[in-house]
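In the two complexes that follow, chain A is the common piece, with chain B as its partner first and chain C second.
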Partner chain A sequence: MFILRFLLRRLAQGALIIFLVSALIFTLLRVVPGDPVRLMAGGMAPEALIEEIATDMGLRDPIPVQFTRYMSGVVQGDLGQSFVRPANGAAVGGASFDDSTRSARAEVWDLIADTAPKTIQLACLAMVFALMIAIPIGVWGGLHPGGWPDRIALYTSSVFVSLPNFWLGIILALLLSVKLKLLPAIGYGGFAWTILPALVLAIEIAPFIIRSLTVSVAQIMGQNFIEIAGVRGLSRSQIIFRHGAKNAAVPLLNLLGVQFSMLLGGVLVVEFIFDYPGLGLLTINAVMQRDFPLIQGIAIVTAAAFVLINIVVDLLSTLIDPRLEY
Partner chain B sequence: MYDQTGLPPVLEVEGLCVGADLPEGMKPILQDVSFSLRPREILSVIGESGAGKTVLARTLASWLADPLKVTGGSAKFRGTDLIKDPAAARKLAGREIAYVGGNPAGALDPTMTVGAQLVEKLRAVRPEIPAAEAKQKAIELLDAVRIPSAAQRFHEYPFQYSGGMMQRAMIVDALISDPALLIADNITQPLDVTVAAQILKLMRDLTGRFDTAVLFICSSLPVACDASDEVLVLNKGRVVERQVPERLISAPQHTYTAQLIRELPKLWDGTEAAPAEERGEPRPIMSVRGVAKHYTAKNRAQGGTNVVQAVRNVEFDVFQGDNFGLVGESGCGKSSLMRLLTGLERPDAGTILFEGEDIGSARPARIRELRRKFQLVLQDPYGSLPPQKSIGAILEEPLKIHRIGDRRERRERARSVMSEVGLSETLYEELPNGLSAGQRQRLNVARAMTLEPRLLIMDETLSALDQTEQHKMLDLFERLQAQHGFTYIFISHDLAMVRRVCSRIAVMYLGETVEVAPNDRLFFDPGHPYSRALLSAAPTLEERRYRPEDCLLEGEPPSPIDLPPGCAFASRCPQAFDRCRSENPGLTARGGRALAACFLNPRRGEETAQTTPETTHA
Partner chain C sequence: MLNRRSFLNYAAMAGAGVALHRVNPDFFLGTAHAAIDRPLVFLSAENITGNWDPTAHTTLSQSNIEGFVMGFLTRAPMRPENPDEVIYELATEINELSATRLEIKLREGVTFHDGKPFTSEDVKATFVYGSGLDRPKQVYPGATDTFEVETPDDYTVIVDTSKGGYGASLFIFLASYLPMLSAKDIAEGPQGILSQRLNGTGPFKFVEQRGNDTVMEAYPDYFKGTPTIPGVTFSFVGDATTRMLSLMNGQADVIERLEPEQLETLEGNDEIKISKLVSVENKYLWFRCSKPPFDNPLLRKAAAHAIDRELIMEVMGTAGHASANFVSPIKFGYVDLDNYPEYDPEECQRLLAEAGYPGGQGLPEIEYITSTGFYPKTKEYGEVIAALMQEQGFPVTLNVMEVAAWNERLYDRPGGGPGHMVDCGWSTGSPEPDLVLRTHFHSTSKRICGIEDPEIDAALDEERNAASLEERQASLQGNLMPMLADKVPALSLFTSVLIHAMRADLDGLFIYPDGLSDASQVTEAS
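Now for the complex of A and B:
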C-alpha cells in the first residue's frame, strides 16, 4: 500500500521532470544557431528550397505549436523520425536534399533501442569494475580510520580523480590492446570490446565510491550497536558483514544513484574515444548533425532512465533501512 | 543471607588490578578488587563517578579497550580464569556472562527488527538451537519483561521502541542465552523513576526464575539497596566495604559510605522543614494560564501529519524570590514548556505573564529585552559551552549582546560573577574544556547571572552531577538567592532535589499540570494518583509512604499523539472509573493552596480557586 502510493507519487514527479527536460531541450535546440535543414539539404541548396522543406517539416511554426505536436506523438510512444538517418543504416550526408525517400528515414525509437543495450552493458560493467576496485579499498580504509589503509584509500582516490578520462583511455588502449594485444579497443564486435571502456569509466567513478565508503563504514563501525555486538556474543565477521555492511549499503546505494548521471557524462567521452557504438556516440553524432528528433529522443529516454533508477535506489534503501520514509 | 543458595560461587574475583597505560605511565584504576558471587545473588556495586565501576564491568565482560589493561589478580568464572585465558573469556561473553549497559539507545542495529537480532544473538552463542525455537524463546522473554503484545513487537524495529522498552529488550538480549552471570551497568539511569522501578522488580523476578547471578552497578545508593542482596562499595578503585543493605545503612564501616548516607536527600524527613512558601513578596513574578502548544509531526506509517499535544492546560504561579519546581517524566512536555516560558516559542493558547507582561504575545524585540530578566541554565554541561572561547569571553558575551558597559566594566563584571559562583579568577583566560562537570555547571550559572536577571530557569541543571557536587551547587544557589533575590524555576525529574529546595511544585503528565501544591502537601498528601505513583517509585532509603504495589501501574505514558478523551492518566490510573474516560477533570482547588486535576478530590468551594479550571478540553 505504501509502496503503491510511493510509486505513484514518484512516477508523477518523474513524468514532470521528463516533461521539463523535453521542453528545455526542445526550446534550446530551436534557439541556438545551426539550421538542421541547411545541414540536411547541403550547402548548395537554394534558400527557397530550404525554406520550403523547413515549412514542410513544421520547423517554421511557433515553438509551442511544434512542441505540442511533438509531445502528443511522444505520449503515444512515437519519438519521431531522424532528420538525417535512413532506416537502412549509415547516416546520410548532405547531398540528398532532393531525396524522395524521406519516409524511409530511421525511427528515433529504433535508433535508441539499437544502441542503448550496448551502453547499458558498458555502464553495468563499469559499475561492477568500480565496485570491485572501491569496496575492498573503501571498506578496509573505513575499518581503520586514521590508519594506513585509510591513507591508501585517500591516495588511490586522489590519483584516480586526477587522471583525465580521455588520457587514461588512450594510455590503456595503447598499453592493453596495441602493445600487449590483450583486448580489442576500437569499435564493437562483442563483449570483449566493452571491457576497456568500462575500465576507464570505472576508474573515473571509483574514487567517489571509495570516499563515501570509507566515511560511512568508519562512521557505522564507531556506533554503539557495533561496539556492543561483540559483548553480546556476535563474531567479528557477523558484525562486519551482517551489520556493518548492511548499514553502509544505504549511503552507497544513494551514491550509486547519483553516480548514474556521472556515468552518462563519462559515457559520452569514453564511447567517443573508443568509437563504441552506444548511446553516447549516437548523441555526439546527433548533435553534430543537428538531428533534433534524435537529440530529443535521447534526452527523454535518459531522463526516464534517471528517474527510474532513482526510484529503485530509494525503494531499495527503504527496504534496507526502515527508518527512511518513503 | 550469605549462603542462601548453598551453591558454589559462579564468580570469584581475587586481587584484580586494572590500570590505564598512558604515555605518562601506568595509572591505576582498580586496585586489589576481590569479591565472589553466587547463583541467584544480586550484588550491587556503588561508588561515585569515576570510581571504576564501568571498568570493573567491562573487565568481567572481556570488553577492555586500550589503554586499559589488567595488571594483576584473577577473575574466575566457574573455575576458568577470565584474565589468564582471554580466548575462553570471549567465548563466555554473551553466552554465560551477559552485559547490559546504561545506554539502550543505539544498542541494536537500526536496520533489523528487534526480534531478528535477539534470534541472531542467541544462535550466535548457541548455534545448536533451531531458529524457530529461538524465536519462540525471544517472544516468551519479551513477554516476561512485559513488552505489550510481544509477538507483534518482535517484528518491530528498534526505533519503534521507547527508551524503557528498549532497555527491557536489552535485558531480554542478555538473558536469552540463559547466562549464569548478568552484569548490569547503570541500567536504570536513563529511565524515568516509574519505569526504572518496573525494571528492578522485573530483574528480581527473572533472577529467581533463571538462577542468574547479577552484578548490579549503580550510582544511586537507594536504588542499589532496593535492588540487591548485598552492596559492595567501591571508592577510588578499591573495595571499601561489602554489606547487606540494612547493615550498610545502619552501620556503615567506611567514611565514604557514611558521608554518602548522610548527604542522601530525604523525601519524608519531618525534622528539616520544607522550604516555606512566599518567602519574598506575595506577588507572582510569572503567571501561567491555560497554556497549550502543539506540534505537527509527519506520520510515517499512514502518511499525512499528526498533531502532538506537547503542552496543554498548564497553569501555575511563581512567586517572587521563591523556588518553584516542575517535575514529570521524560516526554511529559517539560522542555517544551520551558521554551514557551523563555519566549523561544509562542503558545497556541493561554497567557504567560512575566511581571504582568504577556510573553506569549509580546513583540520579538520586547522579548529580547525581557530575556535579560529571565535567564535559562541548561541541562547539558558539555554541550552548551562554546569550546573555542575563553571563559572570560563567554561571560562577557551576553553583556556585549545587550550593549552593556565598556570593555573594562564588562571584564570587571565577569570577574565578579566568577568569584561569586566559586570559579577561580585565574581561569579567566582559559578555555572551558579543561573544566570538570561541576565547574562547567558553575560557569553556566555565572553566564546566566551576568545580566542580573530576576528569574532563573534551571532545566535539569543538576542531573549530570553526582550527589556531592549537587549538594555544593544547591548551597551556591541558596547563597545567590539570598544575595540577589533571584527566583528559581527548577525543571527536574529528581524528586529528592525538588523536595529539598522548592517551596511550590507542579507535577506534569502528558503535557498537563496535574497537580500544583506546596512542598509538604505534595509529599504528604498528594492529590493526584500520578503524583502518588511518582512518590512510590522515587529512589529513597526511607520507609515509603506510598507502596509501589498500590500506586505503580504497568506500562508507560501513552503517546501525546492520540490523546484519549478524558483524564490523560486514565489508561494507567489504578483508581480510574467511568467518568475519567470521558471527561477531563481539570485543575481544581483542594484547599491549602493546593490544586489537582482528579475527580477523586472533593470539590471545595471554601477557597477562591487560583485558576478558572476548564472542565473539558478539545
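Now for the complex of A and C:
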C-alpha cells in the first residue's frame, strides 16, 4: 500500500515536472533566433514559400496555441515528425526549396527509439566502469580517513575531475585505438564500440562516487555501532561489508541516481567526439538543425527518464533503510 | 649423345625457360596490388539534403555521392598541367555542327542501375528537366525554352541553341558536370522516384541511406568493367578530429577537408598519404548588394581594398592557393586580373570619403556571417578580415555559426539576405566559368550577393553568346571579369586546395578538383 501511494504521488509530481520542462523548452525554442522553416525548405527558398510552409505547419500561431496542439499529440503518444530528417534517419542540411520532394519525414519517436538503447548501453557500461574504479578507491580511502589511502582517493578524484572529457576522449582514442589498435573508436558496429566512450564517461563521474564513498564510509565506520561490533565478535570484513557498506549504500544510491541523470547529459560531448549514434549525437544535430519536434521529443523523454530514475532510487533507498520517507 | 637422363634435364630446362616468360616479375620487384574485399569507407564533412534529385540541391557532399553512382557524358580531370583534357564517358564524340548546333554521339550498351538502357531520350530528358527555372541547381546557359534537343536515333543527340541566341559550345563544358538521369525517372516529376533514390550508370549502385551512411555497392555491369571494390560507404561525420582519428585507426579509408594542422600531423604518418589538388572552388566574401551599405559599389570596393589577401593566405597555409579572379585558375577563361582589388588602405580611405563616409564615419553596423566546421580556417581568416576592415573604419561584427545555421542565412532574399557580408565557397566540377559567374552575378540568378546590374548582365550575355571559344575567352578576359573586379559584388579571397587523406596502401582512387572521386579501380597494396 505504501509503495502504491508512493508511486502515485511521485508519478503525479513527475508528470508535472515533465509538463513544466516541455513548456519551458517549447517556449525557448520559439524565441531563440533561427527559423526552422528556412532550414527545412532550403536557403534558396523564396520568402513567400517559407511563410506558406510555416503557416501550413501552424508555426505562425501564438505559442500557447502551438503548445496546446503539441501536448494533445504527446498525451496520445505522438511526438510528431522531425522537421528535417528523412525516415532513414540521415542528418540532413537544407538546400532546396522543393520541400515536398523530400523523402518522408522521420517520426520523432522512431528516431529516439532507435538511438536511446545505444545511449542506455553506453550509460550502463559507463556506470559499471565508474563503480569498478570508484568502489575500491573510495572504500579504501573511507576505511583510512586522514591516511594515505584517503589522500590517494582525493588526488585521484582531483585528477579525474580536472580532465576535460573531449580531451580525454581524443587521447584515449589515440592511445587505445590508433596506437595500440585494441578498440574501435568511431561510430557504432557492436558492443566493442561502446567501451571507449564508456571509459571516458566513467572517468568523468568516478570522482563524485569516490568522494561520496570516502566520506560516507568514514562517517559510518566512526559510529558507535561499528565500534562495538568488534566486541560482539564480528570479524573486520563482516563489519565492513554487512554493516559499513550497507549503511554507506544509501547516499551512494542517491548519488548514482543523480550521476545516471548527469550521464545522459554527458553523452552529448562524448557521443559527438566518438560519432556514437546515440541520443547525444541526435540531440546535437537536432539543435544545430533547429529541429524543434526532435529537440522537444528528446527533452520530454529525457525528463521522463530523470523522473523515473529518481523514483527508483528513492524506492530502493527506502527498501535499504526503512526509516527514510519520501 | 642424348640419353634419357639428359633429355629429361633439357626438357625441364626448356619448360622452365618457357614458364619464365609467364612469371610476373612485379612479384619480386614491385608492390603487389589486390582487390579490396570490403567497402571503401569515405568520411564526409557535410551532411546531405534528404532529396536525391541531383537537380534539387547544390550540396557538395551529395554531389560527391553522385560521383560514385551517376554517369556523365564526359569527365574533366582539370589538372593544372592539362586543364582542357576531356575524357569521354557516356558520350563518345561531341561535334560542333555550327555555332548553335552541337552533336553528341552516345556510347552503346550502357544500362542504368534499374536495368533501363541508356539512350538519347535520357540525355534529352535530363537537359529539358535540369534547365527548368524551378530547379534549384539550374546551371544551364538558358531556360528550357532557349534550346531544342533532337534525337535522330537512340545514340545521337543534337542540341540547337539558336532560339536562345547563344553558342551551343556552352554544352561542351557542361557535359562533364551534369549527371545523366533516366527519362523514366524524370517522367514521374520532381515529386517522384527521383527524390527517393539515385539511379545512374556509374560504377556503384545506390543501395540505401542508413542513418548517416550512404551505402553503395559495385555495379557489375558498369560499362568500364566491374569495380575492384565491393562498394563504398559514404558517411557524414561532423567533427574534423573524429574523421582524422577514424583514418588513423583504420576505420575509415578516405577523409576530406583537412585542416592545415591536421595535415602536419598526418604527413608524418607512414600509413597515410595525402592528396592535394588546386580545386575548382574559390572562397568568396559575398557582399549583400541589394541592401545598404553594400548596394553602393564604392563601399564594396573600399572594403575590398581594406583586405590584405596575403595575410589570409598565411592563415590558410597549404589549404589555399593565391588567385586574382572570380573563378579558379583551372577554369576556362582564367587570367590574373590587372584591376583585381589589392590591399591598399589609402585607396580604401579615398573611396570611403567619396562614398560619403570619411574614415568610415556614419556607416551602419555591418554583420559578417561565416561558418565553422566545414571549410578550413573560416573563423581564423574571418577574424583577420574583420580586424582589417575595422582598422579602416568599417564597424564590422563577425558572426561565426555552425554549418546548418550559416546555411540557413546564406542565400539572397527579397530585400537582401541576412547580414551584410557572407563567407562561402562555390565549387563546380567543370571548366565552365558561367557555372560560377552567371549563377552568382546575373540578375536572374544572383544566388548570394543579390546583385542586379544591367551592365554585368549584358557582359555575361555577351560572353555566353560568343560565336567561338576564342571570342568567348576574349570577352570574358577583356570585358566581364575586369568589370566584376571593378564592381566587386563579391571578393574572391583565394582558390581552395582540396586536401584528402587516405590509407597509404590504397591505390587507384582518382579525385576530381571538385571533390568527386572515381573509386572503380581502387586496389590495395599488399
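Operating definition for what follows: the second predicted complex is superposed on the first by the 315 of 326 C-alpha atoms of A that agree within 3 Å, B and C clash if a C-alpha of one lies under 4 Å from a C-alpha of the other, contacts with A are read in each partner's own complex, and residues count from 1 in each chain.
Here is the rule we use: contacts are C-beta pairs under 8 Å (C-beta built on N, C-alpha and C of every residue); 3 or more make two chains touch, one makes a residue touch a chain.
None of the values given here were measured: they were computed from a predicted structure.
Peer 1: In this superposition, which partner touches a larger number of chain A residues, chain B or chain C?
Peer 2: C
Peer 1: Thinking of the overlay built on chain A, is A:170 touched by chain B (first), by chain C (second), by both, or by neither?
Peer 2: Touch partner of A:170: chain C, not chain B.
Peer 1: According to the stated criteria, A:322 is in contact with first (chain B), second (chain C), both, or neither; which is it?
Peer 2: A:322: touches chain B, not chain C.
Peer 1: Let me test your reading of the model: by the given contact rule, A:225 touches which partner, first (chain B), second (chain C), both or neither?
Peer 2: first
Peer 1: Figure out whether A:290 sits in contact with chain B (first) or chain C (second), or with both, or with neither.
Peer 2: second
Peer 1: What is the contact status of A:238 with respect to chain B (first) and chain C (second): first, second, both, or neither?
Peer 2: A:238 contacts chain B only, not chain C.
Peer 1: What is the contact status of A:13 with respect to chain B (first) and chain C (second): first, second, both, or neither?
Peer 2: A:13 contacts neither chain B nor chain C.
Peer 1: Tell me the contact category for A:181 with respect to chain B and chain C: first, second, both or neither.
Peer 2: A:181 sits against chain C, while chain B stays out of touch.
Peer 1: Residues of chain A touching chain B in their complex?
Peer 2: Its residues touching chain B are 2, 5, 223-225, 228-235, 238, 242-243, 246-247, 250, 320-323, 325.
Peer 1: Which of the residues in chain B end up touching chain A in this complex?
Peer 2: Residues 61-63, 93-95, 99, 101, 103, 105-112, 120-121, 124-125, 157, 159, 173-174, 177, 298, 300, 303.
Peer 1: Can you tell me which positions in chain A touch chain C when the two form their complex?
Peer 2: 34-35, 38-39, 42-44, 46-47, 84-86, 88-98, 100-103, 170, 173-174, 177-178, 181, 184-187, 272-275, 277, 285, 288-290
Peer 1: Tell me, which parts of chain C touch chain A in their complex?
Peer 2: 46-53, 56-59, 62, 134, 136, 190-191, 194-196, 208-212, 214, 235-239, 241-242, 245-246, 248-252, 402-405, 407-411, 413-414, 447
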